[in-house]
Amino acid sequence: MARIPVGVLGATGAVGQHYVTLLDDHPYFKVVLVAASPASAGKSYAEAVAGKWSMDRDIPDSIRGLIVKDASSVADIAKECRLVFSAIEGQKDWIKELEIQYAAAGLGVVSNNSAHRWTDWVPMIIPEINHQHLDIIQEQRKTKGWKKGFIVVKPNCSLQSYLTPVHALLQAGYPIKRIIVTTEQASSGAGYPGVPSLDLIDNVVPFIGGEEEKTELEPHKILGLIRDGMVVSDETIAISANCTRVPVTHGHLAAVNIEFAGKVPELDEIKRVWRAYSSYPQKHRLPFAPEPAIIYREEENRPQPRKDRDAGKGMAVVVGRLRKCPVFHVKFIGLSHNIIRGAAGGAILTAEMLVKMGYAR
Amino acid sequence: MARIPVGVLGATGAVGQHYVTLLDDHPYFKVVLVAASPASAGKSYAEAVAGKWSMDRDIPDSIRGLIVKDASSVADIAKECRLVFSAIEGQKDWIKELEIQYAAAGLGVVSNNSAHRWTDWVPMIIPEINHQHLDIIQEQRKTKGWKKGFIVVKPNCSLQSYLTPVHALLQAGYPIKRIIVTTEQASSGAGYPGVPSLDLIDNVVPFIGGEEEKTELEPHKILGLIRDGMVVSDETIAISANCTRVPVTHGHLAAVNIEFAGKVPELDEIKRVWRAYSSYPQKHRLPFAPEPAIIYREEENRPQPRKDRDAGKGMAVVVGRLRKCPVFHVKFIGLSHNIIRGAAGGAILTAEMLVKMGYAR
Amino acid sequence: MARIPVGVLGATGAVGQHYVTLLDDHPYFKVVLVAASPASAGKSYAEAVAGKWSMDRDIPDSIRGLIVKDASSVADIAKECRLVFSAIEGQKDWIKELEIQYAAAGLGVVSNNSAHRWTDWVPMIIPEINHQHLDIIQEQRKTKGWKKGFIVVKPNCSLQSYLTPVHALLQAGYPIKRIIVTTEQASSGAGYPGVPSLDLIDNVVPFIGGEEEKTELEPHKILGLIRDGMVVSDETIAISANCTRVPVTHGHLAAVNIEFAGKVPELDEIKRVWRAYSSYPQKHRLPFAPEPAIIYREEENRPQPRKDRDAGKGMAVVVGRLRKCPVFHVKFIGLSHNIIRGAAGGAILTAEMLVKMGYAR
Amino acid sequence: MARIPVGVLGATGAVGQHYVTLLDDHPYFKVVLVAASPASAGKSYAEAVAGKWSMDRDIPDSIRGLIVKDASSVADIAKECRLVFSAIEGQKDWIKELEIQYAAAGLGVVSNNSAHRWTDWVPMIIPEINHQHLDIIQEQRKTKGWKKGFIVVKPNCSLQSYLTPVHALLQAGYPIKRIIVTTEQASSGAGYPGVPSLDLIDNVVPFIGGEEEKTELEPHKILGLIRDGMVVSDETIAISANCTRVPVTHGHLAAVNIEFAGKVPELDEIKRVWRAYSSYPQKHRLPFAPEPAIIYREEENRPQPRKDRDAGKGMAVVVGRLRKCPVFHVKFIGLSHNIIRGAAGGAILTAEMLVKMGYAR
């Protein structure tokens, strides 16, 4: 199969850098274009990221020399690629409009930006949980008159350390009533330069703007139903989140307390459910699909960010410390790599599904 | 008033070092004796702590030259001081017996050790919350035949970032049904050498042995009632704790979700209650009493360990981010200095109360 | 003595925050005015620093409500105060001109900015080393026609961990030929937001723009002679510096290798010289003068940033590990608080000297 | 080629854990035996390391179930393997004797322990620098009457970030007179548990016992000559080292100042020499040989531990910031992974050379 030519919008930022790194030698996609703000446009990628390349690996050789385009030059970009990964930052309405322009120009848009997350005709995807939401692309195309374009978004990184294990339980027939979760989130979640070192040396910051709301609300859409080509949120599960920032480079940890709505599974049954969990990405052996999707560790002090974030090449969700909760029913610790699983990697896996399902080609 | 001669048991460890530092120039107490394990006995204090002095201040001059005694030489120690602060570590039954020997020898024992925390005739004290529990000392003396001795313990450090604010609400007439709390605890809570640096650089450890149980259960005793000279636990409030270790030197942070049992106060009313909170230590203007006892900060990103742990000379509990909880009723962040408020400082304030109430002299 | 009304320029930045904190209740100076960029002008100080107050203490009550002035409103500011501490940032020529305007308007200027460091009629002061350079203020006034104004600057923070101990040796009659120094500098040296946390978690950055040059060259001026009312650099000592950034909040550490030019003192003699070192600030018992100015620690693993930066209220230079050097003659470790001794505190001590010497009143 | 059965002594410690991890699927060697102290003997490897496994990867499956042997059971171990990697700790004379017993029993010994580093008939090897020293194995065998056994040691990790670049210059015809080096060493250099987190949060420790001496002296032996089957140290280059510990997991950084003895190469020539450097391991394409051996980075702020330690799978030496030195001739920053290049990986590469040269089979 010839690789699909793709572009990365916002390619010079922290998530953009992960995109070009993770997509190096990807079997489905070939990065042929990088775009960013007008300030970077016209420079080679290597020049544009000089002094702010924050990856632990070097810039892929195939990307170094690409000339950065202005991300608002939609028509030009549409000539060169068929799908764009958008990690662009900016004013919300402008982003919304820009992503629509890309789709109208015939491009698939897989976006990290939060602008369209609550647009009811845009699916918000965690690949293992709700791949069937992608089918509303048909409705997008019909309503908008788009032939090949579409818009798909990924949710916030903070919820990805606990929502897949929760989904596994729901799917196994254990409805959940309430969740209280406290996250300990990594520095890279704020991008680069992001959080000043003076705020994180010998310190924790117990606040991340907008993060608790996203952690509490986005699961409702992800777990929602499709009705008339739109996603209808399912607010069955009440969620309360406390989001804090800790001195860790990558890897968001979540301490999760769960109250079931009906039958309460035994701890061993929960572990069994998690270990058996396999979904569309695993069944179709997609390149970025972690296998297994959920890793349960029996050690009493795991998962830990530095030791577990790279499990499944950064795409697995690692859980541990499952135990009874004296207030709700059970509690556990979840962990996922916020930039790989929680941002660029999750979006790439979503795009792989789009290819497999025939929406992107 | 002549200062009361006191001893510090376990004086060479991390908490012991805080004791001798905090007691330097104390208006009520004068450290005349330091004791530790046989390995240190016979050395000067300065020699005994060489290479393991972990304070950011130097050894007080009045302590440097003291010859370390063997902590098991009860009779000798009883000749020199009238009260001991015990930060000794060891096998639980041995500690229990040793502390009883000290009390029988006529000494007041204020202990950081967990050995006697669940002995029903021993009060477990947070000075602002349950000073009235100290009255069971009378029963101790009657039952045991002790003339002047007594045993009093302080609870675990992990619960002190949330229990005082909780008590303030209870006292103001807002009974609480359930609490879910996640703590982010400092390295110094594990003593010295304690947690290896390899475990805390770019990492979080989501487990601390025994800590969650203490955080969940000890409040029941602290909030308990006195009946027949013994403490009867009050298990009205169900508590679930997730305890994690973060790369911070000092200061335990707690993310707290609260469900009230009856009337739910407005957020402003809660802040008012906290700000008005004043208890025995404040009313008697004890030397180590923070004033105010609870500090509420309005900034959206406080309290933070490095910036707030030293409030009230390390004795205040700092709270912030009070907001509505979509699952329970309210949630907030609490913080206290685990070694000062949570260990040595809290014990010293307890001893000050004992003096003021006439039990120690 | 009535306190001298002073202003702080650049008051909202990291060094400016230290100024207003350190000057709280100062016996000589009273902060009556805070100034910053036009963006902050017109706001109360508390509003202007909201979200970027990075001190571990709160804003002094006397400063919270001050209305921030525009730092370029020289005439207005000159009406309210007699001396300004300048921590303003900006284009070099503009700073130079602005500081001259302040002096011309009759104000003393004590500046942290590097703009005038190499102006030959401006003294660059480390209080213990070259207070006599302040006498060229007379020449400044004569040449410029200033009646009461003057400009004095402080040097870079990076050299303050080793230059005072070096000066002590020079003064004791041990000329030095060559110095090789490697610094491990704290995050706060780069201000706030400064160094991104992603650059300093589990990492060291072996480069700080312009820092090595300053560390190598500024000592030449500080150790220089006054000739015809100007400072003539003394380049006798060749210095080579490697400056690195480490994950530490405050406290610059320096590993120093020294080759003497003539007689080589014994190690004990060097310690004696350091311990006996006392200079103008100590002799006049100035409020910010550390006593002693140099602290030698005998422990094999000191000085350490967290444990020694606050020695002498952050104004002492702490040295240790003096030993023979197999290549040069001796080597040692030095440490000083980069923001207190190395910036705001050092400037305040300089201003105290200016008062004592009659230049500021 | 059938893989050579090897054992790892001290297999449960930090370096031992790296050995079993790095040797997983090695083309020359197969770990068939793990040995440690009597306390671990008899347990499965997984049991023996429970709670102290400190790698970011899991235990290799082929190792988990191996029963740990007592490292002093030389005869038993000699039956199962032909070469041992020794990371055992203990009293120096006991280690010396034990390693001799292994060699006498017919085993090759490649040791991380410092016990035999100054034994003149034992070569101390950095594979790129002095592979020809391995030839004294012939003399070892002749003198001791060993048929197949030998003892080879690797040097301290602290010198490996600068000695290979120095050797490249020597070999290119630029003799060196003096070196002053300051190291910023990672936590893992002290093993596990190693340095307490309380010593490295917001702190640097400017002392590592014995490290400066090793850094200054071991290069003399490594750069020495073979005479009469023994290594004669070459003390031509005087070296002075300042060794400090910084809050970094892995990766020792060195700031190096160099004075040449004769001709002084241009900076570009030095970079050329480093980039062209290739030695025995590269020429024979050994499995663990990094290619290139020395990586020069042009960015002004590299190398950095977190970003560069894994270059060449942790086996490369990364250098940067080459510039003129105002005191000596040139200065630069070097970096290497202290556990891979500096310990287990370097020893494995040495063993690969031993196979290639015919000493191990």
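Order of writing sets the chain letters: A, B, C and D. Residues in each chain are counted from 1.
By definition in this document, contacts are C-beta pairs under 8 Å (C-beta built on N, C-alpha and C of every residue); 3 or more make two chains touch, one makes a residue touch a chain.
All values reported here derive from a predicted model rather than from experimental measurement.
**Student:** Decide which interface, B-C or B-D, involves more C-beta pairs in contact, and give its chain pair.
**Tutor:** Of B-D and B-C, it is B-D that has more C-beta pairs in contact.
**Student:** Taking A-D as the reference interface, identify its repeat among A-B, B-C or C-D, namely the pair sharing over half of the contact pairs by residue number.
**Tutor:** B-C
**Student:** Once you find the CA centre of chain A and the CA centre of chain B, what distance in Å lies between them?
**Tutor:** 43
**Student:** Centroid from C-alpha atoms only, then distance chain B to chain D, rounded to Å. What do you get?
**Tutor:** 47
**Student:** Just how far, in Å, is the C-alpha centre of chain C from the one of chain B?
**Tutor:** Roughly 41 Å separates the two chain centres.
**Student:** For chain C, which residues are shared contacts with two or more other chains?
**Tutor:** 199, 201-202, 247-249, 306-307 - these are the residues of chain C that touch more than one other chain.
**Student:** Residues of chain D touching chain B in their complex?
**Tutor:** 54, 187-188, 192-202, 247-249
**Student:** Quick check on the complex: what are the chain D residues that touch chain C?
**Tutor:** Going by the criterion above, the answer is residues 178-180, 182, 184, 199, 201-207, 209, 216, 238-240, 242, 244, 246-249, 253, 255, 257, 300-307, 320-321, 325-328, 331, 333.
**Student:** Residue numbers of chain A touching chain D in their complex, please.
**Tutor:** Counting only chain A, the residues touching chain D are 50, 55-56, 201-202, 249, 306-307, 310.
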